[in-house]
Structure formats: C-alpha cells, structure tokens
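Attaching a single structure in structure tokens format; questions to follow.
Per-chain residue numbering starts at 1, and chain names A, B, C, D and E are given in the order in which the chains are listed.
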Amino acid sequence: MPTLLDKVWIIPAVMAASFLLILFLGKRLGTKATAGIGIAAVSLCLVFSVITAGQWINRVNHPPTGEALASDIRQANGLTPQTPEEIESEINSATKDSGETVGAGDAQPSSESQAATESGAATTSEGGHSSEGSHETVPPVVRTVTWFEIGPIHFEAGTLVDGLTAMMLVTVSIISLLVHIYSTEYLRGDVRYTHYYAFLSLFTASMLFYVMSSNTLQMLVGWELVGLCSFGLIGHWWEDKKNSDAALKAFLTNRVGDMGLIIGVTITFFAAGATSFNVLHINEYALSPGANTTLLLVGALCLFGGVTSKSGQFPLHTWLPDAMAGPTPVSALIHAATMVVAGVYLIARLYAVFFEGLGIGSSSLHYVAFIGGFTTIMGGALAFAQTDLKKVLAYSTISQLGYMVMALGVGAWTAGVFHLFTHAFFKACLFLGAGSVSHACHHTFDMREMGGLRKHMKSTHITFLIATLALAGIAPLAGFWSKDEILAGAQQGQEHAYTLMLVFGLITAFMTAAYMGRAYWMTFWGEYRGHGTPHESPKVITIPLWILAICAVLFGFLNLPAFFNAPSWATTRFEHFVEPTFAFPAVEHPEFTPWLAVVSTILAVAGLAAAYLYYERNKGPHGLTQRNRLAKGGYTFLENKYYLDTLYTDIIAADTKGPLARAAYWFNQNVLDGIIDGASAVTKKVSGVVYHGVDQMVVDGVVNGTGLVSEESGQFLRRMQTGKVQQYAAILFAGVVVLAGVLVFVV
Amino acid sequence: MLINQFLFLGAILFCIGVYGVLVRRNLVLVLMSIELILNAVNINLVAFGAMWHATDPANLSGQVFALFVIAVAAAEVGVGLALVLMIFRNRQSIDADDVDLLKG
Amino acid sequence: MLALLVAQNIAFYVIAALIVFGALRVVTCKNLVHAALWLVLVLAGVAAQYILVAAEFVAITQILVYLGAIVVLFLFGIMLTRAKTGTDTDLDHGSGKKIISGVIGLLLLGIMGYALWDEYRGQEIGNLTVQRTAAVSDSIFSTYLLPFEVISVLLLAALIGAIVLARRD
Amino acid sequence: MTFAWDAPSVDFHALAPEIIVAATLVILLLVDAFTGEDQRWASSSIAGIGLLVALIPIASLAYDGTTRIMFGGGYVVDNYALVLKALFLLSGYVVVLLSTNYIAEGDYWEGEYYQMILASVLGMMVMASARDLVSIFVALELLSIPAYMMAAWRKRDLKSDEAGLKYYLMGVFASAVMLYGMSVIYGYTGSTLLADIAPKIGALATSTPLVTLGIVFVVIGFAFKVSAVPFHTWAPDTYEGAPTPVTAFLAVASKAAGFVALLTLLFVGFWPRHDVWEPLIWVLSAATMFVGNFIALRQTNVIRMLAYSGIAQAGYMLAPLAVAGASPEAASQALHSIVIYLVIYAAMNLGAFAVVLAVARKTRSAESDSFGGLFSYAPGLTVCMSIFLFSLAGIPPAAGWFAKLGIFQALASAGTTSGYVLAVIVALNSVIAFAYYGRLMRIMWMEDAPDGDVSPIRVPWSITAALVLTVGVTLVWGVLPGLVTHFTDPITLLAVGR
Amino acid sequence: MKDFLNSWGLSLAIFVPLVGAVVMLVIPKAKEQLHKVIALATSLVVALVGVLLLANFAYDDGKTLQFVVNKSWIPFINARYELGIDGISLPMIALTMLVVPLCIIYSWNHFPEPKNPKAFLILILILETGMIGTFCAQDLILFFVFFEVVLLPMYFMIGVWGGEKRRYAAMKFFLYTLFGSALMIVSFMALYFLSDKVPVAGGGFAHTWSMQELPVAAAGISTTAALWIFGGMFMGFGIKVPMFPFHTWLPDAHTQAPTVGSVILAAVLLKLGTYGFVRIALPILPHAAEKWAPFIGLLAVIGIVYGALCCLAQTDMKRLIAFSSVAHMGFVMLGIATLTDFGINAAIFGMVAHGLITGMLFFVAGSAKERFHTLDIARLGGMLKQMPRMGWILGFSAMASLGLPGLAGFWGEFPAILSAYNPGGNLNAGLFRVYMVVAALGTVLAAAYLLWLYQRVAFGTPKEEFAHDPHVHDVTFTEYVAWVPMLVLIVVLGFFPNILFHVTNPAVTHMVSAMGLGS
C-alpha cells in the first residue's frame, strides 16, 4: 500500500516551496496572494499530516510482521544485517530493547519479558499493563538516502515517522495554519508582510523537518533553522533597536545552548560507535548493556544544554520574555506552541540517552528533573510580576516547559509529551487571544491599560477563559489531564522517589492558576482603563481562537486514563499510539491517582480564587499596590474579611508571593539577565582588550617592532659608513685582525 | 740566517705600512705607506724563494712573483698618483678626510 | 763559512734596523719630502736584503723601479700637489686614531708573528745559491708567460688611464 | 741546470677569446689615434663587436668540450672557465650598451673608456682560467686597475673622483693583504700552482697557524672584491659616485670575477683546508647578508640601495661556500649554485641598472623619490624594474628565485646544522630584502611623480636593447631554469669530487 | 577530447589566463572595453576548461591523480613539470575558476581608484595562473613557484588599488608571506636531500620533489629532522592560512585591498596555506605532523576564539570580516590537526565554504563602501530599509558565515568540531576534546559578532548623512550576476554537502590511510 509514511518529506518540502515562492514572488504577487500561498501550503501540510497520523495509527493497529518487520527494523536503525539469523537476532534485540516488549497481545506470542529489569527499574505497573499496555513492537518508518560520505561511512538523511513525529506534525500544522490565517488580519498593512509570511513558511518547513529527522545531525539543522526564523521574526520590526536587541539576544542565547547540543551530538555519535547519527541507533546503543554510562551522562548533559536554551530552562530562559518583541502570532506559534518545545522533543526523541545517562530509572533527583522543576516554579513566580500580558504568558510558557522537562525527567514520558501536546493548543489560544486583545486596545499589551474587555470582546473573552482554565488545570479541560499525569508520574515515579518534583509540581499548579487568574481578571474584568473603545476582532481572528479553544477542551480526553474504565478505543490512546516501542527505555505508566487529581484541582481553584480576590475584588483605580489596598481597606473590609478568613493562608501566600515574585524578578532581570548581558558586555570588553591590547600592541607590535629594529640597526650600521676612506681601511684591517686572529688561534 | 729573520722583518714592515695608511691624512703619504706594505710582501716572497731555491734550484717562483709584484706596484702607484692629482685639481686638497662626500 | 754567516747576520740586522727605522720615519715624520727620502732608505735597504739572500735580479729591479721610478713619481706627486716643503702638522690624524691604528698594527704583528714563529722557529733559510737571472727569465717566459703578457696589458691600460685622469682638460 | 729555454706550447684556440679581446683593445687604440673627435662613436661599436666576436671561440671551445691545460697547469680552459668567460663577455657587452649614450653625451673620454672596459674584461677572462697564484694576482690587478680609473671617469665630478679614490685605496689595501697571504702560502708550499698547493696544505690533519693565516688573508682579499662585510665599505660609495654604467660593471662583472677567483682558490687550491675557510666564509656570509640588507633598508638613493643589495646578494652567494666542504656533493652543489647565481644575478642586476640609467636620463637623479609615479609615465620601464626587483628578491617567476633556490639547495645538501642555520638566515634576509625592493616598487607604482612631470621617457636604442636582453633572460630563465643549468651542468673544478 | 584533456587540460587551465594577460599587454591602455571583454573571455575559457575537467574527472577514483602531466623541467635538480589533480585539488581549482570570472564581472563598472582596468585585469589573470598552478602542481618546486607567483599581483592589487594605508598593508602582506615561504623552501630543500633517492626515468637514482613519491621517499628521515622540516612548512603554510599569531597581515591586507582583491584573497589565497598542509605537509611527514598536531590544534582554537574576540572590537566592517577569516580558518586548521579523514574532509569543505561565504561578505562590504564611502559600522545602519536586497544578502551571508546548518559554512565547522572529539593517530583525545569545546565556544562568538554587525549595519533606520544620498541604491545588475552563483552554491552545498564530500572523500581517506598513523 502506498503510504505517506514513506514520503513525509513532502510535507516540509511543500512549506519550503511556499517559502521560496513567497520570497521571490511575494512582492510581485501582492499581500493577498502571499498569504494565500502560505495558507494553502499549510493546509496541504495539515492534510498530509493528518493522513500520516492516520496511517501511523493504522500501522500500530496492524503492526508489520515477519520480513516486513525485519526490513523496517533494518531501515530504522540504519544497520543492514545480511543473513536471516542476523535479522532474527536483530528483531529480538530490538524488541528487547524496547523494554515494553511484546505484551499480552494476540498477534505475537507473549514473552512476558522483564527486559525492563535490565535497567534496574521496577516493573511496569500492573494496571497500565493489563488494561492498555499491549505494546507490540512497531518500528518507526525510517526512509533514508545517503546525505554525504566521509571516510568509509555513508551518512544518511532521512525521515523517521512514529507516533511522536505524527503527533508533532499534526500539532505544528494545525497551529501554523491557524496562525497563518490569524495573521492575515493581525499583520494587515504591515511593512514587511511578505517577509513575515516567508519566514512563517520557512519556520513551518524547518519545524516539520526537525520533527521528522531520522538523525541528530539533521535535527541540528532543523534546530538551527527554526532558531533563525525565530531570530528573523522576533526582529520583525527591526527599526526599533529594542526589537533587534531582543532578536540578537534570542539567537545568541540559543547559540550558547547549541554549543552543548553540538558537543552532545558529537559525543553521542562517538559513543554509539562513530558510524551513524541515527537516533534509533543511538538509542539502541544507550540501552545496550555495554553502554558507557559516563559518556551517556556527559552527552545527555551537553544535549540538555541545547534544551536549556531552546526550551527556556533555567538559567538560559531570559531570551524568551524578550522574544515577545515579535508579532504576537509568532509568539503563539514559535515561542509558545512549537519551537520552544523543540528541546522537549529532543529529550523525548533521544529518551534512551537521557534515561540511561541520567539514570532516570534509578535516581531520585538528577539535573534534568531538578532544572525542570526549578524552572517551572521560577517561571510561575516571575509571571506574577509582569504587567505586560504577553510577558505573563511568556513566563507561563517557561513554567510549563519546565513542567514538561520535569515530567520527562521523572520518567513520565507520555505525560511530558502529552503536556507538550495539550499545552500547544491552549497556550497558542492564550497568545492569540492576547493578540486579539491588543488588536483591540491599540496594540498595547500592558494590562494596566486594559480591563473590562469581556463586555467588548465576547469571543476573545470566552476562548481566553477556556484556555486559562485549561492551563490552570481545571477538569476536564486538556490541561488537567496532562498536568495530572505529570503529577502522578512525579508521585509514583521510581517508587515515589521524585517527591521533590511532586512538590514543585503542586506549587506550580497553584501558581499557574493564580497568575493566570490575575491576568484574566486584570484584562477582562473591571473597567476599561485604556484609550478609545475596544472592539471585538474580526472573524479571521476569532475563528482560530475558537478552534484552539475547542481543542483545549477536547484534547485532554485523548489520553483518558484507564481509571475511568472507558472503552479501550477511548483509553490512553495517546500513550498507545505515540509512545515509542522501539529502542525505548522501560518507562513507567503511572496510574491515575484520584487524591492527587483532587488536590491539584483544589490548588488550581484556590489559585484562581486567590487571584480573583487579590486582583478583582480588591481593585482600586490602579488597584495593585499595597498602599492603595490599605487605603481602600475599609471600603471592602467585610467582603475582604470574609474571604480572608476562609482563604487566609492563601492571601498570606499571595502577600509573600508578591515580594517573592518581585525579588525573583529582580534576580531574574539583574542577576540572570545581567549575567547574560554581562557576559556579552564582558566579552566585548575582553574583545577590546584582546584586539587593542594584544593583537594591535603585542602581536602586531612584535611584527612592526621587528621592522623597526631592522630599520634602526640599519640606521646604526649606516652611521658606521662615514665616508672617510681611512676609517674604511681601519674597518678592513680590524676585520683582518679579528678574522685572522680568531682563526689562527682557534683552528 | 734564519728564515724568520726575513719574515719578521717583512711582518714588521707590513704592520708599519698598515699603521701608515691608517694615520696619514696626506694621500701621497698613504701611497708611500702602501709601498711599505708591498715591500714587506716582496721581502717575504724573496726570502721564501731563496729558501725553496736552496732545496730545489728550479724553484724560482718566489723571485718571479716578487718581480710581478714590483711591476704591478709601479702601475698601482702611477694610477694612484694620477687619482691623487685629479683629486687635488678638483678640490685643491689631498687630505683624505676631505674626501667624504659619499657616505651612509 | 761561519764568518760569512756572522757577517751576513750582522749585515741583516743592521740593514733591518735601518729599514725599520726608515719605515717608522716614513709613517711619522712631519715633512713630506723627508718622508719620501726615508722611503728611499727603506727601499734601498730592502734591495740590500735581496742581495743578502742572493736574489740579484730582484734587487736590481727593486733599485731601478722603486728608486728610479717610483720615488721620483712620488716627488713629482708632492710637487704637483703643491705641498709644503717644510714640516706640516696636517699630515696625520689625531692621537685617538693613532692609538687605534697602532693597536691594529700591533695586533696584526702579533698574529703574524705568532703564525710565523709557530711555523719556522729557528729554521735556517738553507744553502743560499745565487738565483741566476737567466733562470729567472726562463721561468718568466715559460711558466709565467701568460701573466707576463697580461701584465703588459695591465701596464698599457694603467698608462692610458692614468694619462686620461691626470691630464688637464 | 740548463739555460736552454723551451718555448712553452701555447694552445691558441684556447687563448683565442683573450686574444680577440686584447686585439680589440689594440684596434681601439689605433682607431682612437687615427680618427678625429667626430668618429669616436665608433669606439663603442668596435668594443661591443669585439666582445661578441670573442664569444665565437668560446662557443667552439665549448663544442669541442675538451679541457685544455697550459703552462704547467697554471692556465686551464674548461667548461667552468668558458661559462664564466661568456658571462664576462656578455656582461661587458651589456655594459657597453649601457655606456654608449651615457659616455657619448657626457663628453667623457670615449675611446679610452672602452679600452678600460676591454682591459678589465680581459682580466676577468684570465681570472676564469687562472690556476696559479701569480696569474690570479695579475688577473686581479688587470681587472681592478682599469676599474679604479673607470670609477673616476667623470673627472670633473667630485663624487666620481671620490669613488675612484676610495675604490683604489681599498682595493690596494685588500690586494696587499691578499698578497701577503699568497706569499705565505707560497712560502709554505713552495709552489704558486694551485694544484700543487692543495696536497701540501692538506698534508696535515689540522691546519697550522701559518697556513690559516695565509688562507684567511687570501680569502679576505677576494672578500673585498665581492664586497663582503666588513670589507664592503667601498662599495656603496663607489657605486654611487661612479658613472652608472661603470657601477653596473662593478656590481656585476667585477663581483663575478671576485667569486670566480674565490671559487678557484677554495675548490682547487685550498680545498683540503675547508676546516679553515668554511667558518670564515660562514661568518662573512651571515654578516654580509645582515649588514647589507639592514643598511639597504635605510637608503634613499636607488643606486646606493642597489649597492647594498648587491652586498647582501654577495652574502647569499657566499653562503654555499660555507658548507661546501661537507661532502663532494655539497661542493658540487655549491659550485653550481654560485655559478648559476652569478649568471642570473648578472642579468637582473644589469637590467636594474639599465632602468636606473634610463630613468636618470629624464630625472637626472637616482634618488628614490625621483622614481615616484614612474608607472604613470613609463609603465614599460616600471614593469621591467619590477621584474628585476622581484628577481633580486627571489620571487618566481623572475629568474632570481631559481638562483636563490640553488643557494638553499646547496646549503641543504650539506645536511649540516650550520648549513641549515645559514639557510634560515638566507631566508630571513630575503624577507628583509624585500622590504626595500618593495619600497622602491611602491614608489614607482603607487606614488605620484614628485614634480608632477609625467612626460614620457625617451629610451635610446642601446638601453632598450640591453633591457630586452636582460628582461628576456630574467623571465625565460625564471620559467625554464633548465636553460641555465644546461650550460652550468657540466661545470667541475679540479679538486671537486675527490 | 578525453585524451586532449588528459595531456593538456591542466596546462591550459594554468596558462590560458597568462595568454590572455599577454594579449592584453600589447593592447593600448585606452581600449578599456576591449580589455574587459578579453579578460572576461579568458576567465570564461578557463572556467570552460574547468567544466570539462569536472565533467571528465573520475569521481569514484578521486584518490588517484588525474590529468597527469609529467615532463622534465629543471633536470639539474630533478624538478619536474608535474601536474595532476585529485579529489583534494579539484574543489579548490573549481573554486578559483568560479571566483575569478565573478570578480571580473563585479569589477565591470566599478574599478577602484586609480582605475586603469588594463593593469588591474592583467593582474587578476596572472593571479589566476598562480592560483590554479599551485593547486595543480605535484612537484614541490613547481608548487613553490606558483605559490610565489600569487604574491606579486596581490601585492600590486593591494598597493595600487587599495585604501588609505595600502602601502603599509601591501608591504606587510608581502613580507609576511615571503618570510613564510622562505622558511618553507628551506624545508623543501631539507626534505629533498634527506629523503631517499628514487629511480628516475633515464635509469639511476635521484632525489625527488614529487609529492607523489615523497611520502615513501621521506619515510627514512629521522624524527628530529622531520620535526624541523615540518616546522618550516608550518611557518610557510601557517602564515598564509593565517594562523594565530601570524595573522596580523591579514586584517590590514583585507581592509586595504580593493574589493576584488579581498574577495580573491579570502576565497582562494588563504586556502593555499591549508591546501599546503593537506597536500604536502601531512602526507609526506605524517609522524612529524602527529607530533605537531596538538600544537597546531592549540593555535587553531586560539585563533578561533581570538579572531572572534578581535571581531567584536572592530569598528570597521571590512576589518571585522577580515578577522572573521582568522576564526574560520581556525576551524579548518583544527580539522586538519585532528589528522582524521573526518577532520580533513571538513577542512576542505571549510576552505570552499569560507571562500564562498567570506568572498560574498567582502563583495557586500565592497559594494557598501562604494555607496557610503565608509565602512565605519557606527555610521552605517538601516541597510535593510535603504537597500533591502543587499541587506538580505548581507544577512544571508552572515548567517552562512556563522555556520548555520543548511548553509555551506556549517559543513566546515561542525565536522571539524566533531573530528576533534576523536583525533587520529596517537593524539591525546582529552586535549582535543578541550579544543572541541573551545571551538564550539567559537561558534557562539561567531554568531555574536556577525549578528552584532548585522544589527548595526542592516537593522534600524538609515543614518541622517546617508538617508537621502542618491548614491545609495540597491543591488545592481552586475552585482547580481557576480553574486548569485556564489549565493546559490552556498545553499546548494549547505543542503547537499555530498557534492563536495563525494569528491574529496576518496582522496582524503586514501591520504589518511597512507599516512599510516593508526587510530
């Protein structure tokens, strides 16, 4: 059956073609055609992506067997076993490596493999296994061509399609399409309309290319290309130095992380035998018993350097808020939904390396999980101190990315990736909503100039609310499911070893709700504080919002836990189709834990409520500062008291959180950002010293000095030439004396 | 007689000549000093010639060499004096120190 | 034989002393013409030494060429350059240069003396026999024919050149 | 003892080149005597023709190829001598070409001038064949004495007088030192024949002080001739003061003659005592390169610069001698490299002087500044000069690179540390040297004419001919060095290769 | 055809430019248009020869020398006119043949002061002869000759057509390079004499200069001697590259040179040095190379960081690009220093990529200079607004230069870094891994200075003094013609690196295995 799985390269190629068309013809064709080309291309991509996803689902449901399986495996890890025996052992080792091995399915004999014990981890949970865990080995579809050859090795370029890829394809395509549509209105009349669409196309192409890469080198290419687009789009309005500064900062900060990525790719390449960059090959190596865990650790940490910058992890997250200088749809697409999760995707893709390298299966605390956890709290705290709506969302993104990284860090692979998935929709919705708000409010994002917009912008308001609730993790919206899985993973992971992560997660759950509530109330409630009259955005803007909102509502059910005893076609479908079964470590599948769900929901509600109290009920004309709050104390005393009584602790928390958040923000801006800015300042200083002090003075000085010395000695010798013939004679005879003397007495 | 008697005489004369060409400012005197040096060489040649003649009567090279040196010396002095005269005619001086237009 | 040797040696040392003294006067005296005359003494002394080693032809040539021609040339030179006939203080360089020149001369003498002494020490000059003029001429016109011819060209060229340079025009 | 005189056998074929030159000299003398002032132009033609005609027997001798030995080994006509004689004749011819207009227009003594050149060239030719101390001495004087006078040929010019006097005095001092050395060598060996000297001074394992003294003195005499430091002091002054064609003659032919003598002496006469002269030459070579180049850096007069450059070039040429004793192969390499260098050096240096002459016809100056803007009004001359300067600097494809390559090769072939050190010194110096060659080039190409006068230069045919000859040779040899080595390949010196 | 190419192809490629130059020499200066046409035609003929060579090159057999010519040249020293190209030379030759016509086209209507197209174009053609000759030569002496021939035209190009301090720069360029080549030739000599004699055609044995024979013949050289010889070559080639600390001629030369001069300098001339390492120093003296490699690697990474730091301190755009060359060539040298097939392939790729990219940057800088009459970064700004196309091209080139994957620059940098992880021979892997990290840091700095440059030059609004300057116009037709091929190549090579690796790999692999250092 001809299948798109073999030819997914068509998808980015469509976008690349769109990019070239727009780049070279856009100016001539006009704005409508430009947008049209882009939208058409993305639509096509979406169709293809959905077909791809469908075909993948079909493949999981009807896994290949026998020779087809062997052939797929051969192509997957880039090895070419020759004899049937080799093929057989290859299949066996592959299925073993997959950890999850052949389950109690009907197609394959069950071997009840305990390969997972190889890594010393606990066996998979009973519930997960019995109900939906019939994970057969479904090797990803890998199709490669020779890219280049060095030495005896042929390096390959190719596509890798598995559930993760399919999921990413669909996600990227949907959001990109919506952003394309949304932008036709949002960017109307912009000076660089074509430029914008060209970059959007290029970005989409690069991102799609990235997620379907079959090897790390290709991923590196995609990774950098999306960074380039990010650079170009952050600096879209480059007439303003502030914007170009932000673009530079983003690119350079990412470059710092890329250093790690490059080295990480190098290390994993050599660790896995220096023959291939193939991710599955590398993963297989990482899972093999003889793997050098030290190398893997170093490699994983280096790779994580890339993740740190790309996915805004502490301490390289500071570029992300600045990146909000770009147009809002870009923020939605690149800096919320897709590009920033490239790092998370990297971990997910090379999970075996991280899993084995960091010992996720046997540790209670390690760098990745901790950074993820720390970032999630820190981002949440920082979001409080923002008055710029987009910055709130940016810090929220950082926080959520931390969540995902933490999830992957504690071994909850599916949870992390699922959160990536759901987050893309509701965060994109939030950003686009913010854009819509700004569109209405004369292009400001300052929440102090908003307020009361719920009356003016119904669609925006509702969708924003839905997305906020989803983000806050209110059941049954998408965020609830994914967040809850993460919490469950942290709670149950590795025999409850990741307690600290659980605490982080719970705190964040509260904070997320609180700051989102704050943003929501400040924006949509109260009185309008800006100029003019806000108005609802046109349909081109609101329809994407609605679509995203609907997704935010529904997509949580894609991974409905087995706990709810839904029919099997509706249970843990995400896990079933997305989680790799080939060259994948033995991860756990935590159970749905009702008490945790309840606690987290309570926390979320409490957060929203606290925000409501703090920001809505307690509003003054500029009702944020403590002074005003005290001045108006009497006016709302009773009500306040009432709520204070019941939610006393929360207010305390909020009170302390205010200064805490501000302190954190101060730290962030002055220390962390300062370090980054300082690093560049110091580099510049050093470069000045190196150039003026070393290069021009010493290195060049030596050169010029040599010349000078030559000339001067020439001058000195020249003075010996006095023109007096008898002095010449004296020199002559003195020469005779010296030469003859030395030689006569010495020789 | 010792061969060294003559050789040392030659050496002394040579060095006196060298001293002369270095300290005399008058060019004619410099030319005279040159003659001292050439004579020193000739003393050597003749003395050596005599020495070798004593062992090999056919060996007359020393004397012949000396004759050539005398002839060349004559030519040199002639040319030298011509140059000095020319200098004198152009500069009204034969002080060696005055001849220092060219230097550096 | 011994007497002859003694006489030879005495003659050598006397003449040598005269030569050295004359040479020193040539390079030190303050009167140009005197210097030329001291040179005559030196040249004559050298001729005498040639006779002592039985090199008659060279001795005669020495007298003819040097005393007969070169010294006369010098005197012409002295006159043509209208030098003072009396003493002249401008003949020498200052004492600093004299010292340097003296040092150079003495060092040179030291080196040459060392080399000569090291080689010959007390070696006799050997059994002196008269070096006959005919033999000398044989030698010149066979072995040294070519240099002889060359030197004729040399003298011709020197003659022409010297005339060109020295003549008034 | 018989008094019967045996007429020495004279091979007139072998002596034909010398005889032709001498005859030309006599013819010139007669022409001079029997023609009036208005026919003096004929002198240069006669001299030039005589020099070219002398090449014919050289060619026939070379074709014949036998080594002819005369006067008991005192005079040898072999490939070595022939190549160098041809070099002297051709350089002499080019100098005649360069002189033609200079001497005629300057109202100098014309007929006598060419007689001087011929006499000097004759001396050089004799030098190439001389294998006997007396012959070498006489040849040296024959080539030097006319040269002294030629340097002073612009009689009424104070600088020219001074140049002649300085050259004369220093030359006489040096030849006195050399003579003393020769006398000592003769005294030690009892022979003036180089072939006899070699075994005698080589009899002992180590040198005695007297032999050392003799060798050092003789070498110093020729070190003067090739203007090696510290015996170089005359060269810049003389070069600057002398008439420019004479300077070219001194810088090329006279220096070559000095090297020829040095090669003959060291390789034939003093070969066994290379333990003495190798270090001596090493020091001279290194000092010559550095001093020559350093002072040249500070020169503002092109001729003076070329003089110092010539000193430095002499240092390069001396360098192979400093390691020649290491092995027969090294000696052979050294010999070839020096001869090749001399040949190429002659072409490029004469060419450079030709350009200077041509330019000076307009600017009446040899100051570097007067070359400013040359490219704008005399691009042909500028390109020629650039080729010569690049050649002097040793940059391909001008022939100088091959010359310098030969030096490096000779130094490396010895395989000794001192050889490599000297090679590095040569390398360093060729870099320093480019600083002043480049500076001149910069002035010509990149600066403006000092007085804004950009009227073109009229180059007389004789200089044009000289330029065509030298540029052609410089470029062709640079691209096809085989043409040079074809002639120099068969060269050997007697003691070499034992 | 094939036979003709085999025996005459390379000689044609080398000497056709010279013929063109000679023809132009005899045409009066005033006929400028004719000069341009002849020069362009000549360079196109050369390019055509190049295309034929490319078409007839046996790519699968890239390790063996092809189109070999081997004639006696200077029998006296057994130097031969030996030409031939393999997979290592081919890309360099192709690059040269591409860049020269583009430079001539670019110069078409804007010759730098003091004009004189005749002389300028003659120099370019002579330069082409020298460059192609250097890449074709298989005899050390022949190599040396061509290596030096390249100096002359460049010297004049900088000195006559250059900027304010052109004389100083030209002299410095020349003296530096001469210094290196002087030491290099001493090394060649030592190599010649210390290596074993090889059989010659006419019977008997002789020393050899042949790069093909020397790897075997030089095997017997003692370790110490080999180290010294390598040192001499290192100076010769290292200065040309230029490696830290011999780089100081480069910024001056680049800054002062006319645009075309800078382009050729960056695109081809610098490669002569690295090519020398790969072609001569490494194969002939592998064990000395192994001893020197850590040191070379050290200088290379110092160069990477140091060059980048110097870039950050620049106020002049051209000088900044010049210093970036120091950094980029550091990657090339790092690749070479690893002595692995990976590293050397990367180095060759890096050479080509750097040639194209930095050449492009210099083109843009030159065009900017022509419009603004200054390259002071502080005075520029808003190029994207005033000349959007040029701004885009500058941005593109800057991105390529900073090693963005997907563009050619990446394939020079990343494999070099990669190869440093696991250097060849008995090299200390730990040390090279440190180099690797430092080199990776260099990529960050590269991004910093290039983006900083781009921000200041292209972003923002045009400065008042130029805002209404009629001279400031967008990319012209000739500029497009000159630039587009390079831009296209940058992308094509970026996505299909195998175009180049396919050519170089057989040769490099063969060479590395012939070095026999083990691993």
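Basically, contacts are C-beta pairs under 8 Å (C-beta built on N, C-alpha and C of every residue); 3 or more make two chains touch, one makes a residue touch a chain.
Keep in mind the model is a prediction, meaning the values are calculated, not measured.
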## Note on the structure
Every chain in contact with both chain B and chain E is listed here as A, D
## Note on the structure
Neighbours of chain E that also touch chain D are A
### Query
Which chain has its C-alpha centroid at the greatest distance from the C-alpha centroid of chain E?
C
### Query
Based on CA centres, what chain would you say lies at the far end from chain B?
A
### Task
By CA centroids, point me to the most central chain in this structure.
E
#### Entry: Chains most often in contact, by C-beta pairs
B-C
### Summary
Whole-angstrom distance, CA centroid of chain A to CA centroid of chain C, is 104
### Query
What whole-Å value do you get for the distance between chain C and chain E if each is reduced to the mean of its CA atoms?
70
### Task
For chain A and chain D, let me know how many angstrom lie between their CA-based centres, rounded off.
79
### Query
In whole angstrom, how far does the Cα centroid of chain A sit from the Cα centroid of chain B?
98
### Task
Any chance you could list the residues of chain E touching two or more other chains?
175
### Query
Where in chain D do residues touch two or more other chains at once?
1, 134, 137-138, 141, 145, 148-149, 152, 155, 164-166, 169, 173, 184, 209, 212-213, 236-237, 298, 435
### Query
Hey, what residues on chain A touch two or more of the other chains?
707, 718, 721, 723, 725-726, 729-730, 733-734, 736, 740, 744-745
### Message
So which chains actually touch one another? I want all the pairs, not just one.
### Response
A-B, A-C, A-D, A-E, B-C, B-D, C-D, D-E
### Summary
Within their complex, chain D touches chain E through residues 336, 375, 379, 390, 393, 395-397, 401-402, 404-406, 408-409, 411-413, 415, 420, 423-424, 426-428, 430-431, 434-435, 438-439, 441-442, 445-446, 480-482, 485, 488-489
### Message
Which residues of chain A touch chain E once you look at their complex with the stated criterion?
### Response
146-152, 217, 220-225, 228, 231, 235, 238-239, 241, 244-245, 247-248, 251-252, 255-256, 258-259, 262-263, 265-267, 269-270, 274, 680, 683-684, 686-688, 690-692, 694-695, 699-700, 703, 707
### Contact footprint of chain B on chain D as seen in their complex
1, 133-134, 137-138, 141, 145, 148-149, 152, 155-156, 158-159, 161-166, 168-169, 172-173, 176, 179-180, 182-184, 186-187, 190-192, 236-238, 240-241, 298-299, 304
### Summary
chain D partner, complex, touching residues on chain A are 707, 710-711, 713-715, 717-718, 721, 723, 725, 727-729, 731-736, 739-740, 743-745, 747
### Task
Quick one: which bits of chain B touch chain A in the complex? Just the residue numbers, please.
18, 21-23, 25, 30, 96-97, 99-104
